[in-house]
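One structure below.
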């Protein structure tokens, strides 16, 4: 079956071969975990434990009263040794709870399986999803219960499962589909129930045909769930683009998917939901792809939240000497880090890329030659070249007039630019400036 | 009728007032920084030049010529234009503040726009009749507006790039006007 | 000292063409030949000088409210006189300059100097100011005319400079060349101004 | 013949004058007296050289503060001075001229870096990544935001990544001071020869770790100063330019060579 | 850790394409046309091409104070394009001046690559034409190099000659075949958008057909084809109008731009004083490019069109 594709987009190389055939291996249990209080978009959590407290695995150790927020849980059992700042993927140090593991991994008593989970109501489901700290695991870390609570007047027609994994290099979701298809399907069913949607589409890019087959088999005979192979193109996995590919609907500028009757979830999130609802396990582990040409042994790993990246890297044989850049997330939207020190894996860490000098291509910025390739590539139909140049010249009002606020920061424009202009960074500066002005 | 068309297109494209007759250069360089402003300016100029063409023509042939006072032409015309513009400005400022914001603020600038006096004198020198004079006046203004808007578009785009220090401002504007002027030469003798 | 300053500022520091960017229309229109530039410049100087003189003399008599119309009439009168004189004694030049002789009336330099200087300062200063500004204008026009004539025709003041083999860069004789030549010269002036810290 | 001319001109003048006078009354609109005053000062040539639609609009914008008071080129500095006087914008004070001065010595040879930054050449942009590439969280970021902010091109970037400010060219506009996200540009007395070229409030040990020339807050200069012009502001010494007599003892005494 | 990591904004991978690689692709695409020029117009053509490119590259190297005269390749493209629109036999100094003018007035007064409003090669050609019109309309027949009029000025010729390029005309614009070859390559590489050449050639064909004053359908059609193949339309549509820097960036804008070029070209050819209007037409459309971009801003994603 052929679906219509979305406008714009680019075709970067896949770079997935290093890890796509490697099963997910569990990481060595960490001796110490660092659990940041902010692992999601929204209000950061307040610690619920103090230095010296004994905690169990799965115990809630941080929470916030804000609606757009999700609690955090201990991923080992042991003792809280300090509450201090740690480095964070976003660049600003944040408060974190440091727990020394006792090596026993005893579960907290809150973690109880739910044998008749099929009888839960939508509201009960959402409550569990919130309590177990589930957030979008594609990288944006938007709290899932918020996504599952559309405005009351919105009727949700479709649950869309983002299994595109359109970011190059990453294979964590791909492996999850190959290895845990049934859990994904259960997660999808739970999401459908939570938002009362009759249909669910699972979108998988056609560079992962093995996953398409397995998921199709898993979804066989289950009413309402369809698996679709999608023409491979970046940024397929962006919410708005996935919606227009799968349903042909277009989310209004500045609007949410619920405005067109859709809810989008990541495959990883589905597994987490299934774990939370069936077994009462909070989100304390996740699949991480560690790859790139500057790592000795590329791997897919099941890593506990709070494990220091240093340790993960060490388990992959360490960096090669030609390392130039370390990125958390995919190469198109991930965040470059100053180093692996004191930096924990969090709920949104989908990959750790270790890139060599050849891969990162640090070129000088040239003048814009107005080739228009960025306009062609832009999936939200804005004109990155004009926004970029406006910001370069300090004309932020002009940048706003060119719809800078609609940018989804997918990076297509910067990827394609022959003059190697840092368009996304300029647009981000414009967005920051405009947002600051609007708040005034 | 074809005569009128010739006059119109001649004044807009072939002998564009700004680019080949060098009239109205000051506002062309001064008020061409934003497209919206330049459109407003152009509309105001069009209105004034049409009016001025008519009034000066009437004065020439009903006041100056019968009294053999052609040598007073410059004085009389500039007086008439200055008064006319000021009068129009006063009226629309009172009558329609929105129109004043759109057009009126440009009116004082037009008084000393040599294009207005130029068109009045050219009308007499070429010997157009009343209707032809008005068409010529309006067409000249449309040509002026065209050049102004094109220039404004270009300058808006140039805001986005770094111009070499010494060429910034008038210097580069003049060179652009020169190339524009070359491009407009393509219309030569097109009638 | 002050008089000297009033005089010299128009030549270089506040040169009407290159620094203040005033009077662009005649500057571009009549500078195909150096002689035309000189003629235009001198005519403008004459008007500027006389109008500055008269306005300065009358500066206390002219009512504040209607000063602009009064200035315009004074200027227009002198323009008409210059127009007639040129027609009588320099008919060739007059026809070359064409419509731009009566248009001296709307040259921003003249009204600008009247308002900014002549209406506020004594007669002698005003005349010196007018002379300085006028000569600055004349100098610029003649210079531009000479450059355009040299490149576009190989001559200056009709004297052959470049030799018989010169293939004239004709475009500088045409309207586009006026824009380009002035633009380039202005950039050159910017460089010189920066060098000699005229800012 | 002359009579006719005079009569015609006179009649025309009367008619136009009369109509205008009538219209001016009939269609009178209130204008801010300040705007009117500014308009009086302007040459009234409506030449458009300022980029605004005539003298009236320039006057309005100048009073509103959106147009530079020096915008009128035909009027020159005389008009600008009058407008400034009217609007109460004081001309630069008579006291000693202040110039911008960089108060950080942390160039790439001196200060440690956490990582290499690559991207838009702008200090604020660089600071968005982990608080900037520099290990010192008080020092100059070195991406040249101040260079761009300078209206007279008085600031250039040295090849070691620190801005160099040309004191003679500086016009004391303080734009660079406002532009610097780290506040490492101060306005100092043009005659002052010595300043503490560091703003780090970090403890001495931390400073030593990240920078070879940073102030460690030892206080030796405070003790040595013969005229008591130096005080400690937290962990960093500050010289009061009004008291300092340029003796240079502090510079010699400073163990870290932070005072120059 | 021994090596310091690099931190920058996402994305962290880049397409391999650079300005230099784009310019090299354009040079490759122009090669057939240049070759055709050399074959038809012999040594004169070869010298003109070499001089034009050298002049442009040396001028740019002097302005940028760089030792590498190829640089990003854009000056070479400008020089070659200029050479291809010059008559086959011109004095050497004219080519040198042309190259220098193209790079200075056409490009560097605006601040260098990407900033110019007008196509540098065409700017230089127009300036040269206005200055030394005698040399610039001196056309010769291919091979024997005898003075002759161009087909546009009334010389009769066959469609075969028009297509292959065995006609009097500018050095590189006679051979439609060679130009289509190069244009196709650029289209394939994605450096040009079909809308500009499509709009341009389509409009010229339609106007050439419809404005033919007399004759039957076949005669009208052949007039349309004639206007497409004769003169500089092919070179203009495929290489000059598609110059990225000076054409609109929006898809709709590109189509409007192409059609505009076509209309202007035909108006000048049919009603103007010049037999050929490609240069002026493209310069005129260059001038309105910012306005076209402004008016054809794409509908942003999710915006409801009213």
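The letters A, B, C, D and E name the chains in turn, as written, and every chain counts its residues from 1.
Here is the rule we go by: a contact is a pair of C-beta atoms (placed from the backbone, for glycine too) under 8 Å apart; a residue touches a chain by one contact, two chains touch by 3 or more.
Given the structure is predicted, the values throughout are model-derived calculations rather than measurements.
Chains joined by the most contact pairs: A-E. Farthest chain from chain B, judged by C-alpha centroids: A. Note: the chain lying farthest from chain C is A, by mean C-alpha position.
Here the CA centre of chain A is 44 Å from the CA centre of chain D. Note on chain placement: the centre of chain B and the centre of chain D lie 40 Å apart, centres being C-alpha means. Here the CA centre of chain B is 34 Å from the CA centre of chain E. Across the assembly, chain B contributes residues 26, 29, 72, 75, 79, 83, 112, 161-162, 165, 167, 172, 175, 179, 182, 185 that each touch 2 or more other chains. Across the assembly, chain A contributes 336-339, 362, 367-368, 392, 422, 425, 428 as residues in contact with two or more other chains. The multi-chain contact residues of chain C, meaning those touching 2 or more other chains, are 21-22, 68-69, 108, 111, 171, 174, 176-177, 180, 183-184, 187.
Per the touch definition, chain A reaches chain B in the complex via residues 367-368, 386, 389-390, 392-393, 395, 398. Note for the complex: chain E touches chain A at residues 1-3, 5-15, 17-19, 21-22, 72, 111-115, 190-191, 193, 244-251, 254, 297-304.
The residues of chain E lying in touch with chain C in their complex are 91, 93, 105, 109, 127, 130-133.
Interface residues of chain E, counted against chain B in their complex, comprise 105, 108-111, 114-115, 117-118, 123, 126-127, 130, 264, 267-268, 271-274, 277, 279-281, 283-284, 286-291, 293-294. Contact residues on chain D toward chain B in their complex (touch as defined above): 1, 4-5, 8-9, 12-13, 16, 19-20, 23-24, 26-29, 45-51, 53-57, 153.
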